[in-house]
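Sharing a structure, written as structure tokens. Questions coming.
For clarity, chains are labelled A, B, C and D in written order, and residue numbers in each chain start from 1.
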Amino acid sequence: MTAPVLEETYGDKIKARREHIKMDRAAFAAALGKPTQDIEALEENKGAPLTLDTLTAIAGVLGTSLAELTPEFVSDLDDGVSYQLPQDNPIIKGLRAGTNYYTYHCLVRTRTVPKLVPLLLEVNVDDPDAAAFNVGHDAHEVIYCMEGDIHFKWGDPANPREVILPQGSSFYISPGVPHTLTTTKGSGPGKVISINF
Amino acid sequence: MTAPVLEETYGDKIKARREHIKMDRAAFAAALGKPTQDIEALEENKGAPLTLDTLTAIAGVLGTSLAELTPEFVSDLDDGVSYQLPQDNPIIKGLRAGTNYYTYHCLVRTRTVPKLVPLLLEVNVDDPDAAAFNVGHDAHEVIYCMEGDIHFKWGDPANPREVILPQGSSFYISPGVPHTLTTTKGSGPGKVISINF
Amino acid sequence: MTAPVLEETYGDKIKARREHIKMDRAAFAAALGKPTQDIEALEENKGAPLTLDTLTAIAGVLGTSLAELTPEFVSDLDDGVSYQLPQDNPIIKGLRAGTNYYTYHCLVRTRTVPKLVPLLLEVNVDDPDAAAFNVGHDAHEVIYCMEGDIHFKWGDPANPREVILPQGSSFYISPGVPHTLTTTKGSGPGKVISINF
Amino acid sequence: MTAPVLEETYGDKIKARREHIKMDRAAFAAALGKPTQDIEALEENKGAPLTLDTLTAIAGVLGTSLAELTPEFVSDLDDGVSYQLPQDNPIIKGLRAGTNYYTYHCLVRTRTVPKLVPLLLEVNVDDPDAAAFNVGHDAHEVIYCMEGDIHFKWGDPANPREVILPQGSSFYISPGVPHTLTTTKGSGPGKVISINF
């Protein structure tokens, strides 16, 4: 897969930051221990390719984060939309507690909303006593119970809250809250739509 | 339905803002055209109930927005989670172009994430030529095609983009992009999960 | 002082939120325990003036915060700028530890940036042993020492960090860090510019 | 100057993102065209140093921005504070319209608040007719007039707003608004404190 295209150049981002803090090229070059013509080349996107080490030193000298100096990619949306056919869904086995706990069907994503991770989850374990918790996500999560009855546990794994949610139920999980899903005992597998954002 | 409980009092929010701008009670009272003891009562949550007009005048004097002075509600989550059984889903007819275009089944929501509006949509119109656009949403939207093949149009209603998405497809719509869903011609109704956030 | 003008109406904000969650007027009216024509009047900004209690109940029913329903004020900027002459600076005595610890000259503010509180501070206490801490601010603070040498303490009041900063020095204080300024012992009063943002 | 220390490793950030999108190491390796043991080495911060090109390809495969994969630096604050003595202020000549328009004395900055750029500005041009506009800043700006009377222009350079602000005045400039300062005609140089945030 070819790398996606950047919206701006590193040279532009670096120059914009340098000017924002009223630093001239001579002072910038001196602080980096480089000749001034190297700085010209850098900001005009010529010369030797930028290394991660140099970018880190530059962020230090310009008093900002690496994130502030890294350009965005051009959007991967098509007039504001992205779609994905089911045959193109990546399928991942989610191993937990030594078993194929969930099977993840990864739905459409977009670089413009990195936190958005929509999934169709096959819930493969039909024994709530065999439930295995995660540590919670660094994102919100909303779930729709598409097939089967879901036995949902959340909170402190040593003393969890729990509820049985029949097909058609929906639930929201706050960031950082540990949780786990199985189907009800002996009821076979289930399916949920899980949207993380 | 009883009003939910506020996390703080208006008196606390007003006093915090007044102190933040280093204004004393006498100056505050004078600017509002009220006696100083009224301000004491206000900040201690005694005295006459606060009116919207007074709160607006206060925001003006304290140089801030009404939003900055309004307290939050206590969370409606249950140890970080909220769930909803299908029989409790409000069902709303979505009228558009003079027909029952969509039927919305409203899934779980939480006050802690006001922009989150998860829905199960019945797509009732099976004629793409009868498609009627919205103006787009002030939110992101991700859709999973649960039943039926969806004929999806987006962009400029006069010259839209379009695609037919079979059952199991998923798509993302950026904020502000007009769009509309029908099922494919003559194929009967369909169902999608639509998560706005 | 007359209350500033709102950019939108409450009716518009309420209607936008109701539509966002796909709730129709009948369901909204029922949940509020009001007749449907009251809701029409409300959303069209006619009828009885809105009370804070009703707005609170509405926020509850519409599953959002009061802040989300309160309109913004029109900008108080003049082609993007606001200025203030020194004779218009409000002057506030800052009482702390029973003395006139600071005298605050309040510089220009703007409703568009509520957290911005620029001040000229007269530092009146010239005895570091008489220093009295605040609890820190819910904002960033940057200080320029205009006149006099400043004895600056910060951190844990029981065991503070401290430094003497001569005229021309500058310092930054992170949100929530307790601090206090006096001038150096017996040196008379000082003056700093303090920008909270 | 030595590069500042990172709070996390690239391996940690990459692994966290890969797991967030439910991608396993084999799929990740395949998408990058690398052997799986290279991915193990990468995520455990062993093996060959990461290049900017590889990081860009990784961001593409993991559907996120470079900024999301770059770690933060450890804070440069000292118990929440940073200070700077006047002799350590970098001094930069601001060339504009072929003259030494401003002299910038750069005050304290902190990596934790990259947008904060506090300055003491010497305003060297005392002829409003020789005023030269900038294009505005990607930041808020508040100014205190410390010495001299400032002739301030803003808005459209072809048809600007203007005002004379005596010593002790203060003004706020919204992001993106072009502006320029001189002192009043023939009055010699002036000094302002300018805080960009």
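Everything below uses one rule, namely that a residue touches a chain if its C-beta (ideal position, glycine included) is under 8 Å from a C-beta of that chain, and two chains touch if they have at least 3 such contacts.
Computed from a prediction, not measured in an experiment: that's the story for all the values here.
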Chain labels contacting subunit C and also subunit D | none
Length of the line joining the C-alpha centres of subunit A and subunit C, rounded to whole Å = 34
Length of the line joining the C-alpha centres of subunit A and subunit D, rounded to whole Å | 26
Residues of subunit A that touch two or more other chains sit at 109-110
Between the chains shown, work out who touches whom and classify the graph as line, ring, star, complete or other.
-> ring
All chain pairs satisfying the touch rule are A-B, A-D, B-C, C-D
Subunit A touches which residues of subunit D in the complex?
-> 1-4, 6, 16-17, 20-24, 27, 31-33, 49-53, 55-57, 59-61, 63-68, 70-73, 90, 92-94, 104, 106, 109-111, 114, 117, 119, 137-139, 196
Mind listing the subunit A positions that touch subunit B in their complex?
-> 77-86, 89, 107-110, 112-113, 116, 118, 120, 140, 142, 144, 146, 152, 154-155, 161, 163, 165-174, 176-177, 179, 193, 195, 197
